[in-house]
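The first chain written gets the first letter, and so on, giving A, B, C, D, E and F; residue counts start at 1 in each chain.
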Amino acid sequence: MKLVTAIIQPHRLDNVRQALTSMGIDGMTVTEVRGYGRQRGHTEIYRGAEYTISFMPKLKVEVALPDNRVDDVIAAITQAARTGKIGDGKIFTVDLEAALRVRTGETGEDAL
Amino acid sequence: MKLVTAIIQPHRLDNVRQALTSMGIDGMTVTEVRGYGRQRGHTEIYRGAEYTISFMPKLKVEVALPDNRVDDVIAAITQAARTGKIGDGKIFTVDLEAALRVRTGETGEDAL
Amino acid sequence: MKLVTAIIQPHRLDNVRQALTSMGIDGMTVTEVRGYGRQRGHTEIYRGAEYTISFMPKLKVEVALPDNRVDDVIAAITQAARTGKIGDGKIFTVDLEAALRVRTGETGEDAL
Amino acid sequence: MINAADTAWILTATALVLLMTLPALALFYGGLVQAKNILSVLVQCAAVAAICSVLWFAVGYSLSYSGDGDWLGDGAAIFLNGMGRDTVRAGTHIPESVFVMFQMTFAVITPALIIGAYVERIRFAAVLLISALWMLIVYAPVAHWVWGGGWLAKMGVMDFAGGIVVHVTAGVSALVIAWMIQPRHEFPHGIRPPHAPWMVMVGASLLWVGWFGFNAGSALSSGADAGMAMLATHLSAASATLVWMAIEWIKFGKPSLVGAVTGTIAGLATITPAAGIAGPLGAVLLGAAASCICYLGVWLVKRVMGVDDALDVLGVHGVGGALGTLALPLVALIGSGTGHLNHVPLQQFTVQAIGVVSVALFSAIATYLITRLADMLVGLRVDLEHETLGLDFATHGESGYHMNR
Amino acid sequence: MINAADTAWILTATALVLLMTLPALALFYGGLVQAKNILSVLVQCAAVAAICSVLWFAVGYSLSYSGDGDWLGDGAAIFLNGMGRDTVRAGTHIPESVFVMFQMTFAVITPALIIGAYVERIRFAAVLLISALWMLIVYAPVAHWVWGGGWLAKMGVMDFAGGIVVHVTAGVSALVIAWMIQPRHEFPHGIRPPHAPWMVMVGASLLWVGWFGFNAGSALSSGADAGMAMLATHLSAASATLVWMAIEWIKFGKPSLVGAVTGTIAGLATITPAAGIAGPLGAVLLGAAASCICYLGVWLVKRVMGVDDALDVLGVHGVGGALGTLALPLVALIGSGTGHLNHVPLQQFTVQAIGVVSVALFSAIATYLITRLADMLVGLRVDLEHETLGLDFATHGESGYHMNR
Amino acid sequence: MINAADTAWILTATALVLLMTLPALALFYGGLVQAKNILSVLVQCAAVAAICSVLWFAVGYSLSYSGDGDWLGDGAAIFLNGMGRDTVRAGTHIPESVFVMFQMTFAVITPALIIGAYVERIRFAAVLLISALWMLIVYAPVAHWVWGGGWLAKMGVMDFAGGIVVHVTAGVSALVIAWMIQPRHEFPHGIRPPHAPWMVMVGASLLWVGWFGFNAGSALSSGADAGMAMLATHLSAASATLVWMAIEWIKFGKPSLVGAVTGTIAGLATITPAAGIAGPLGAVLLGAAASCICYLGVWLVKRVMGVDDALDVLGVHGVGGALGTLALPLVALIGSGTGHLNHVPLQQFTVQAIGVVSVALFSAIATYLITRLADMLVGLRVDLEHETLGLDFATHGESGYHMNR
């Protein structure tokens, strides 16, 4: 199994979720994060003084998957999350050694 | 070493923490996340209009562990987090290549 | 590639970010987390009653890196994040199997 | 002659009505939008208040309250020309400066109410332009017709504190603008719930308190009239709160906070035209009716007509104001209502209906033209990217909440 | 005859006292609970205000203020029957409508104070039922005894603005309900800290401002009495704030915001019965005493008795109200206190003590019965799952904060 | 003789001015700081209010308003000694108790304004010590000079509601303390943006409403003077709001909420000395000037002088108060301004300038000494670790937001 982690623009979440559910992936975990990257941050001006906000709001979407779904899912997320602007984010994959469903105790791919 | 990540119901945190500390695991990191899964979300109604909240609040508990504690710890978390209802969450395990304690520079299992 | 995850004191973020950018690492993702560890929590007193706050605010900084930058980066983060007090945090390293930049579809180290 | 006691109460009432716009309405509306648009709503309220105040001083007051033409005031009081420090407002015992100021707070909150229709997608320049023109072209004339001795006043229309002048004008105009500016891009299914219901309740509570100034101040004197108006106002709000809560409880099993305070506002808007005429019993009954009818109103506009009047300005204010205006002849006769009507009840009802319908039509047409003009001059709507990003940052360069360490 | 100046002030005071419940108390209490229960507290405040207002109009006022029976008013003023628009309230120069409305805000806030005892675990239906019955069965009679010419009034009990009628009744009843409904499941060790201390402070500040209406309005006229009452009220609040802060500073090294404003409220509750009787010096001293004694009170109830009176209604309001009532004979004699007592000081003290004790007993017993009844009819407590989930969603289907993008 | 109507209005005005400190200023300032310091600002406001109230009663009032010495009041009214319940304040028709209380709210808000200079880094003990001494050593004498019959009054300085007494004293003193306590450690480049602009706006709105009491209450009577003062106050605020917005719109393309309401406050502070003298047109013009000049003021202090007057007390209040005081002779002659000056315009301007400059100098020197003393006795500044951690937890042991489940 793999754990696919996508850092995306916040407003693409609904798109990504729909893309995933439409391909039968029914579980994911989302975290509010702040990203630093080429996109740079932005500046807010209060009473004439500039305040630099270096970090941009992003969402991290984590999906645990059987190995054979990884490529599809990455492709789907990429498409659903892309706006073409700098700051669209990244997708990372790590190997998942084990998974377990708390409610039932099922393990492995059955737990996903 | 392994990194065990549990997605749990928010109100089970105290239970899980107690279970872990009672078995000598004294460190963990908790993140507020939103989960999507079989549990589905819920609906809030404002002025007669339905608003679908697809994501449910969950907590992610991360614990870095020596390999030999993994099974115990997963069992303990499972027990402490279980309510028996859909949405109780998942436990994921990944391999941890290295760990370091910032304060002392200790590495490996000594850092945990 | 590796994914380096540092749990740090919130007020060291600017330090860590500067350390990383000064060595050419231009991307990172930050999450607000709560940590439990040797530092213990603290107590707040309201109307004479003690409330124990077991979890301390921390930040999790995640950086995806080519293998050859890992040691430098860990050293730099360690130095930038260290205050010498209990609770300075941990750095964890896991293996990253794949990375992809959403905007361009670039993969591997090019995506970082 | 100036009566110091009347003046003391109207000074107070003026402060209370300003409180209704700043911050009460701002909080009420601000809590209902998404977190990324909270500041835009607050700026809109402040800016509308500021611009309409200055315009009221410059021309609005003169158009509404100077002279007794059928259609419009004369220009004699432009820039409050000729108003001395001690001038007494005719028909009252308060200084004209106090009357101007009290009425100014009405001229401020009425266009501010309309904000609820177009939040989360409008251009800020359009807000300013529409509000300024609207106050001069819709509000000032209608205030003249009903309160300044114009044709509706001559016909005997009764509107104690603004059922027609405030709520019907604002409600109908809100619908027109909401329809012209088009729905928010997630409407209806992707709309997010109110980001801060607690803030909605705080706003509603301050509106409730402020409404004491709005309605009991409209007596323009301190005494029995103001007293009864306050009592009626309060009882209508209380009864409407309970009924809206009951409707939700029965329908969904969960009475919500946002629902309860929406009921409060419905009850307050509805009693407004009748506040000085109703007795306590009439007020309780009218409040109960308010929640039933406004509940339907909200549902009609959003679900049936499909117009994204985002914060239900027509459904709550417009419908409530019309209901109170039409029910006034009946309510006057219940319990210790005044019983005084300008005509026999049925005829009064007809006159009231003429008032509501003609003002609604006029508001709709004039607002349509104003909004077209604004569209041509500055554009109505931000682009999708800004709408998605949120107006707070896109238009005002700020973020509502910087909670991060 | 109606005095317009007195009326102007009481109209204002009424608005200020409504502000105390909506939104001041709602914010004060709302900030003290957990984030998942904030809305439930706000709905409870709004609903209690609404239901008690309507009931006050229907029967409450008549039970308290009509007729001069020893135990209860008569039914003559049911539905405010017979109250004309110009009726003047006997013994005052304000319209009866204004008197009814002013007193209504007292009949609203008193049951609303009790909310603090049972938050985070009560069923909403029980809130409504208990509050409604309590207002009729406890508040209305006691108001009659003390202020409506009943047996305590005849005995010469002095209670200017509600030490007994408001704070003792609410405090004691809160304890009884808190004890009957049982502690929150995390009590005492797992209780979470106030989710928004800033909100507590805003609520307390608005309470402070509103209390000017509460106490200085209780003069029922504009002039020297109201003026001195406001001054005494303010000084007691200020002095109590400083003393509570000092206690915490000495004890824990850290003077907290929640502590400071708890002191404020203690000072305000304590001066209430004596506000019209005390001079400035007496008020400063009484305020200082208030914080000392109420600090003890909070500790006694929570730590010693182990009752989960969640937001310290007894400790702060009950103890404060009793303290002020008992200290009144002394305070009247300090500095420029009025010096007027109904009896010689010691005897007045005895009478005051009879007032406090008898009302406390009556409140306890009646509240016990009301709460039993509510338990039988609708159940007192939500189940553990709902308590854990939070009442906002479980009972009202809402969430207090939707900050997520 | 006591006039009940005047009294009714001043009682109300007093409540409005208290509202300005608690919670309006607290929210205005609290929203501008970082989330980790929000509570510290609120405690500071509450504590300053409490301590200055008690001291005003004890000595402050006597130093300002008793006797007619050139430099300082006498001690006759210490502890309000000799003030009977029915004493009328000379020169007015209100009870002295009401006058004391109304002026107390001024003695509270003035030192509270200074809080804006030193937030996010000061020791709490220094706040208390500086505020207490400052109220007695700076505020009370200056109030005596200008309003209590002292040398500036005798010279004919005109300051209706506190341009000199409140805003110049507070603004200049703020600068001195900010300079002495040194910048926050991240100043100027690492400073974080306001954590809650919505809260800033709510505070500013309540300040706007409360300022009606501040300025129109300063007429000390109900009637034409109060009415015109309220109108002028409102129009200046409205016009300043628009102009600040316009400046930002032109300069940055984005009119911000924080900017708009900063303009509001600038307009309010600036009209303060002239509120009873200006007519509506003068007020609109003065408000416009206020935003232009105060915008420059903020920039000068922060960018050019490099002093970390964190929340711009000098730039907004000090500059505004001075501007209004100096412009008064001109404004009095515009439109329906009173036209009454104590001297011919140019000479009046000179007198006004003497007032501003002498009070500014006196404030600066006295504040310098007070602050040195406080530094020696309790230390001015928390250590870097506490500053980094935030004063909420470090000093008060609390956290502003516990949103976690």
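The rule is short, and it goes like this: contacts are C-beta pairs under 8 Å (C-beta built on N, C-alpha and C of every residue); 3 or more make two chains touch, one makes a residue touch a chain.
Just so we're clear, the structure is a prediction, and the values are computed from it rather than from any experiment.
In terms of touching chains, how many steps apart are chain B and chain D, taking the shortest path?
The fewest steps needed to get from chain B to chain D is 1.
Regarding the chain B and chain C pair, does the interface count as same (over half of residue numbers shared) or different (under half shared)?
Under half of the interface numbering overlaps between copies: different.
When the C-alpha atoms of chain C and chain F are each averaged to a single point, how far apart are the two points in Å?
Those two chain centres are 44 Å apart.
Centroid from C-alpha atoms only, then distance chain D to chain E, rounded to Å. What do you get?
Distance between chain centres, rounded to whole Å: 33 Å.
In angstrom, rounded to a whole number, how far apart do the mean CA points of chain A and chain F lie?
50
What parts of chain E, by residue number, touch at least two of the other chains?
Residues 3-5, 8-9, 12, 192-194, 252, 254, 256, 258, 397-399, 401, 404-405 of chain E each touch two or more of the other chains.
Which residue numbers or ranges of chain A touch two or more of the other chains?
In chain A, residues 11, 31-32, 34, 44-46, 53, 55, 94-95 touch at least two other chains, as defined above.
Of all residues in chain D, which touch chain A in the complex?
190, 388-389, 393, 397-399, 404
Within their complex, state which residues of chain B touch chain A.
Contact set of chain B toward chain A: 2, 6-8, 31-38, 54-55, 58, 60, 74, 77-78, 81-95.
In their shared complex, at which residues does chain A touch chain F?
The touching residues are 44-49, 51-53.
Okay, in this complex, where on chain D does chain B touch?
Within the complex, chain D contacts chain B at residues 188-189, 191-194, 248, 252, 254, 256, 258-259, 262, 295, 298-299, 302-303, 312.
For chain A, which residues are in contact with chain B within the complex?
3, 17, 26-32, 64, 94-103, 105, 111-112
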